Every structure is written in C-alpha cells, then in structure tokens.
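You will see two complexes here that share chain A, one where it goes with chain B and one where it goes with chain C.
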Partner chain A sequence: MRKLISLMVLLAVAAGIGLALHRTPFGAERAKTGAGSPGETVNFGRYYVHEGVEETGATNIVSSVVLGYRGFDTLGEVTVLFIAATGLAAVLRVKATSRDPRDAEPASLVVFTGCRFLFPLLLLFGTYVFVHGHLAPGGGFQGGAVIASAFLLVYLGCRGRTLNETGLRVAESLSGLVFVAVGLVGLAVGGAFLLNFLPTGSPYALFSAGIIPIVYVAIGLKVGSELGAIIDRLAEGAR
Partner chain B sequence: MSSLADYIHYVGCFALVLIGLYVVLVKSNLIKVIIGISLIDTGVNLFLVSTGYLRAGTAPIFSEAAEQPGTMVDPVPQALVLTAIVIGVSVLALALSLAIRLYGEYGTLDLRKIKELKW
Partner chain C sequence: MTIFQALLILVMIAAAVFAARSRDLMNAVIACAMVSLMASIIFYFLQAPDVAMAEAAIGAGLTTAIFIFAINRTVRHEDDEKAD
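Let's turn to the complex of A and B:
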C-alpha cells in the first residue's frame, strides 16, 4: 500500500518535471545553438571563459569563478560548512569520559604500517591540490577533502590515535580569519570586499592570480580541519 | 535535435532524484533514508553540471598545450557544484549524527518503531 502510493507520487512528480522542463530552453548546448539573438544577453559562462585569465590571472576558470568573480558566495558556503560542523558538535556532545584510547583492539601490523606510510603522502597530496588550485584541476575544497581522508585513514588504520582537537580548532579559526581579513584588506585598499588587490602576475606561474592562491590555501586548511573534526566527533559518538 | 539521446543525461539525473525520493518515502530504516537523501543530492549536482555541458567540450582549464576557450564547457555550474558537494558531505554528517543520537535514545533505527515510542 505504502509502496503503491509512493510510486503514484513519483509518477506525478516525474510527469510534472517532464512537462515543466521539456520546453524550457536551458543548458549550454542550447544556449550555443538555440533561438534568440546571442548579442542581447550576456552569457556569464562564455564571458568568464574568454576573459577570466586576463582579468584574474588564474588559468583554472572554475577557481577564478569561485574566488575571483563570486568570492562572497564562497565565504557564505564556507560559513554553511562551519555551521554544519558546529551543529554536529552540539548534537554529538559527549560527556567528558576520559576513555583510554588504548582499549581499542589494535590493527594488524600491515594495516598500521601502511597507514603510517600513507598518512604524510596524503597530506602532501592534499597540500599540492590546494596550492595549485588556480593553475590545475583542484582547489581548496578538493584539497581539504583529501586532507580529511588522511585523518579518516588514521581512525581506520592506526586505532587508538586521536587527533589534537585544539589544534584542529585553532587551524580552522585562523584560516577562516585569513579569508575574512584578505577580503577586508581589499575593502580598505580598493573599496570592494574580496577585491583582488595583489598583482595578477603572468598566467601559469605558481605565484600569480593575486589573492586567489592565498584564499584557496586558507579554504583548504579550513575544510580539511573542519571535516577532520567531523570525522573525529562521529568516531567519538559512535563508540 | 529532439531525440531522446540529446536529453539522456537530464533523464538520468532526474531518474536518480526520483530513486532517492522513492527510498525516502518507502524505507523505514533511518540509514537508508539518509542514503536516499544523499542520492537526491547527487542527482541535483549531476543535473547542474550537465546544464553546462557542451558536446565534445573540454574542461574550463587552460593549459599551455591547447588554449581554445570556444570549446570549453560552462564553468559557472561547475563552480556551484564544487562547493555544493562539500556542503552535501557536511549535511550528510549532520544527519548521521542525528541518527547516532536517535539510536542511543531509542535503541533502534526503525522509523515506525521510533514513531510509536513516546518521549
């Protein structure tokens, strides 16, 4: 009975989506070939692709959109992530039971050694991803996720070791402050929040694109430490 | 132009969303409901990326070998989805933490049993 009703609801939703969308012109493919004179409207995607390198100095156009053209949106997204992590900490607030970390069953020697071998390499790879975010595929969010996966490996492989929670909190707060401070410096220098006040340099160079690498490093550290703290609290709460 | 093959990626995205919605509506295990929510999330992200897709397009990243801005796909949906994925992960973690608390409170993850119990 429940399945039948659900299937009928789904059919209604599918028919609604199909009817609503099948005459709506959207998508880059239709915008390229579709009706309507192309000169009248500004296609932001085309504009960013053609002018992005010139204007922001970042050869990764996605990075130049995330931090150059829409940096304020990204600050909002980072805030959402922070609020989710804080809410998770509030929900999973554990009583301060000083649990001996050594009472967990130790992992086998192969797993332990592999984990110890891979952990610094994962940190290095994550750092590489977010430092080169303005040049190559990657960026702060992806590099932060790689760093968080290194922390997850510690919880899976090196049981009994826990992260330094104070260190994570300090790293997260400092990187958030760097993001806002860079934006405020732009406000003070040029009158616009998150203005790219540094010289954009030459494309394809590591030190180019002005504030984008700085903010991306901050985002990488923030996302990495935040996701690491989430993993830490989930592992604590599941015990 | 209007053959199904041109829209097959949109059909796939909405199929993913509908599968997720079905899981949310039918399943009574809380973990499966959370998996359904994450399926909806994935479908929406896939839809957003596929709106920026160009046939035989390249990634919107310049490399010194080939610089052809004309064939690059739309970077704006990719920039939106890039952050949406991370947000999705953190929301998923929040939902799982609520599931952990519910399990600690009621000793079960079955939503129908949780509804019957009074607090």
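Let's turn to the complex of A and C:
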C-alpha cells in the first residue's frame, strides 16, 4: 500500500514537472540577443563551432566551450572533485604510522629504473597537455590526471619516497583560489563571472585566448595535486 | 578501420562480461582496466582525443590503482566475504 502511494506521489510530481517545463525551450534554439532581428534563432552547436575560435581565441573548440562559454560549470566540476578528495581524506584519516616507509619491500631494479626515468617525462607531458589546452586536444583535467599517474608510478617504483603533503595542499588551495579570483576579476571588470577580460590575441599562439590558459594551468595543478594526494593517502593506508 | 573498431568493441564486451562474472576481484579489476583502455582507443578513432586522454589516464590508470588499494585492505576473493 505504501509503495503504491509513494509511486502515485512520484508520478504526480513527475507529471507536474513535465507540465511546468513542457513549453520551456532547452538547448538548441534561443532568441539571439544583440545583432540580428529579435525573432531570429541561433543553433548553439553550430554557433560554437563557427564563432568559438574568433570569440574566445581558443583553437581547441572543446576548451572554448568548457572554459569560454561554460566556465561556471567547470568550476562546479572542480568543486565536486575537491569535495570528493576532502571526503576521502576525512574517511581515511590514518594516523601517521610509526613504520619507516623505507622498510617497505623495494621494487625490482627494472621497475625502479623505469620509474626514475619516466617520472620527469610524465610530469613534462602532463604540463604540456594543460599548458596547450587551448590550442591542442587536452586540457586541465587530462593534464592533471597524467601528473597524478606520474605520482602513482613513484609509488610503484620508488617505495621509499613519500609526497610532500604540505606542498600538495598549498598547490591545490592556491590553484583553486586562482580560478575563483580570475572569475571575480571578470565580474569586477565586465560584470560577468569568468568573463574573458584579457585580449584574445592571435589564434594558435601560446599566449592567446585570454584567461583560458591561466585557468587551465590552475585546473591542471589542482586536479594533479588532488588525485596525487588521493593516491598518496591510499598508498599510505595500504602500507 | 571499421573491422578494427569492431574487434576492439568485441574485446571490450568480453572483458566486461569477464569482469562481471569473475570471482577473483583482482582479475575483475584488470578486466575493467582493459575495458577502459579499449574505450579510450575507440574514443581516439572517433576523433575525441580529449576524452581518450582522460579515459586512459583516469579509467585505465588511476581507477585501477584505487581498486587495487581497496582490495589490498579488504578481501580478494568474493567467496571470502562470509569467512571474515
């Protein structure tokens, strides 16, 4: 009986939402503001592909959408990741073990040497991916994930090493602050959060697309340090 | 190229079925990593290199490591659950 009632309530709520929203236009078509006649509509997907490069200066269209047109959503994504990392840190609150990490069983010579050789290259590649996020495929999230996998490699190969947790925390907090600060500067200068207030420059140049590279570097550092801290914490618990 | 993609998808489905049916969780995790790796290659062929990069780094790399850490702290074989 209770199941039936709850099902009916659910159906009623769903019908209400459907009725309330059935005339609201979503997605593709919207009245164009500014130029053109007021009745003219614009297809957003086509608009981003054709005008995105010129408007935001980012030749990677995905970046121009992720940070140019939908920057606030990206801030939300970064916040979700931050909350997940914080929650994990709270749940896995392990006391500092008295065991010296150097006691751990050392990895074999091949793994050790490979890890030492690959670690700087992986860091370099991750940095390349997020620095060139507005020009080539890639971006802050991908670069950060590559950097975090470099930290994972250190855990696999060089068991004695531990990450500098204070450094990670400082990098994470600073990059988050930079993201929000850039957005607030846009709000102060042009009246819109995350407004691209810097000159867009010429396409395909490293210093172009205004705030997008700055924010991508911040996101890359933030994601890298967050995921690296997760790996470090889990590995510490596993020891 | 379509034959290659179909092959990738077949391997992906096989790995996914194996991951769901395996009683040894370590094997299941490795099969999951394989699914992610195949998905990332398919994404690359579908001209989505951004997604491919994220899938390879997070899906095949970090998630696998996190699962393995979790298995280290719990049980490896599903039948062991009752014994503990």
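Convention: the second predicted complex is superposed on the first by the 197 of 239 C-alpha atoms of A that agree within 3 Å, B and C clash if a C-alpha of one lies under 4 Å from a C-alpha of the other, contacts with A are read in each partner's own complex, and residues count from 1 in each chain.
In this text, a contact is a pair of C-beta atoms (placed from the backbone, for glycine too) under 8 Å apart; a residue touches a chain by one contact, two chains touch by 3 or more.
Keep in mind that this is a model prediction, so the values were computed, not measured.
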item: Partner chain in contact with A:230 - chain B first, chain C second, else both or neither; value: both
item: First (chain B), second (chain C), both or neither touched by A:137; value: both
item: First (chain B), second (chain C), both or neither touched by A:15; value: neither
item: Which superposed partner A:129 touches (first chain B, second chain C, both, neither); value: second
item: Partner chain in contact with A:121 - chain B first, chain C second, else both or neither; value: neither
item: Between chain B and chain C, more extensive residue contact with chain A; value: B
item: First (chain B), second (chain C), both or neither touched by A:145; value: both
item: Touched partner set for A:50, first chain B, second chain C, both or neither; value: first
item: Which of chain B and chain C A:85 touches, first, second, both or neither; value: first
item: Which superposed partner A:62 touches (first chain B, second chain C, both, neither); value: both
item: Contact residues common to both interfaces of chain A (with chain B and with chain C); value: 60, 62, 137, 139, 141-142, 145, 227, 230, 234, 237-238
item: Touching residues (chain side chain A, partner chain B) in the complex; value: 2-3, 6-7, 9-10, 13-14, 17, 21, 26-29, 32, 44-46, 48-50, 52-53, 59-62, 65-66, 70, 73-74, 77, 80-81, 84-85, 87-88, 91-92, 136-137, 139, 141-142, 144-145, 203-204, 223, 226-227, 230, 233-234, 237-238
item: Residue numbers on chain A that touch chain C, as the complex places them; value: 60, 62, 129, 137-139, 141-142, 145-146, 148-149, 152, 155, 227, 230-231, 234-235, 237-238
item: Touch list for chain B against partner chain A, complex; value: 6, 10, 14, 18, 21-22, 25-26, 50-55, 57, 59-64, 69, 72-79, 82-83, 85-87, 89-91, 93-94, 96-98, 100-101
item: Touch list for chain C against partner chain A, complex; value: 49-50, 53-54, 57-58, 61-62, 65-66, 69-70, 72-73
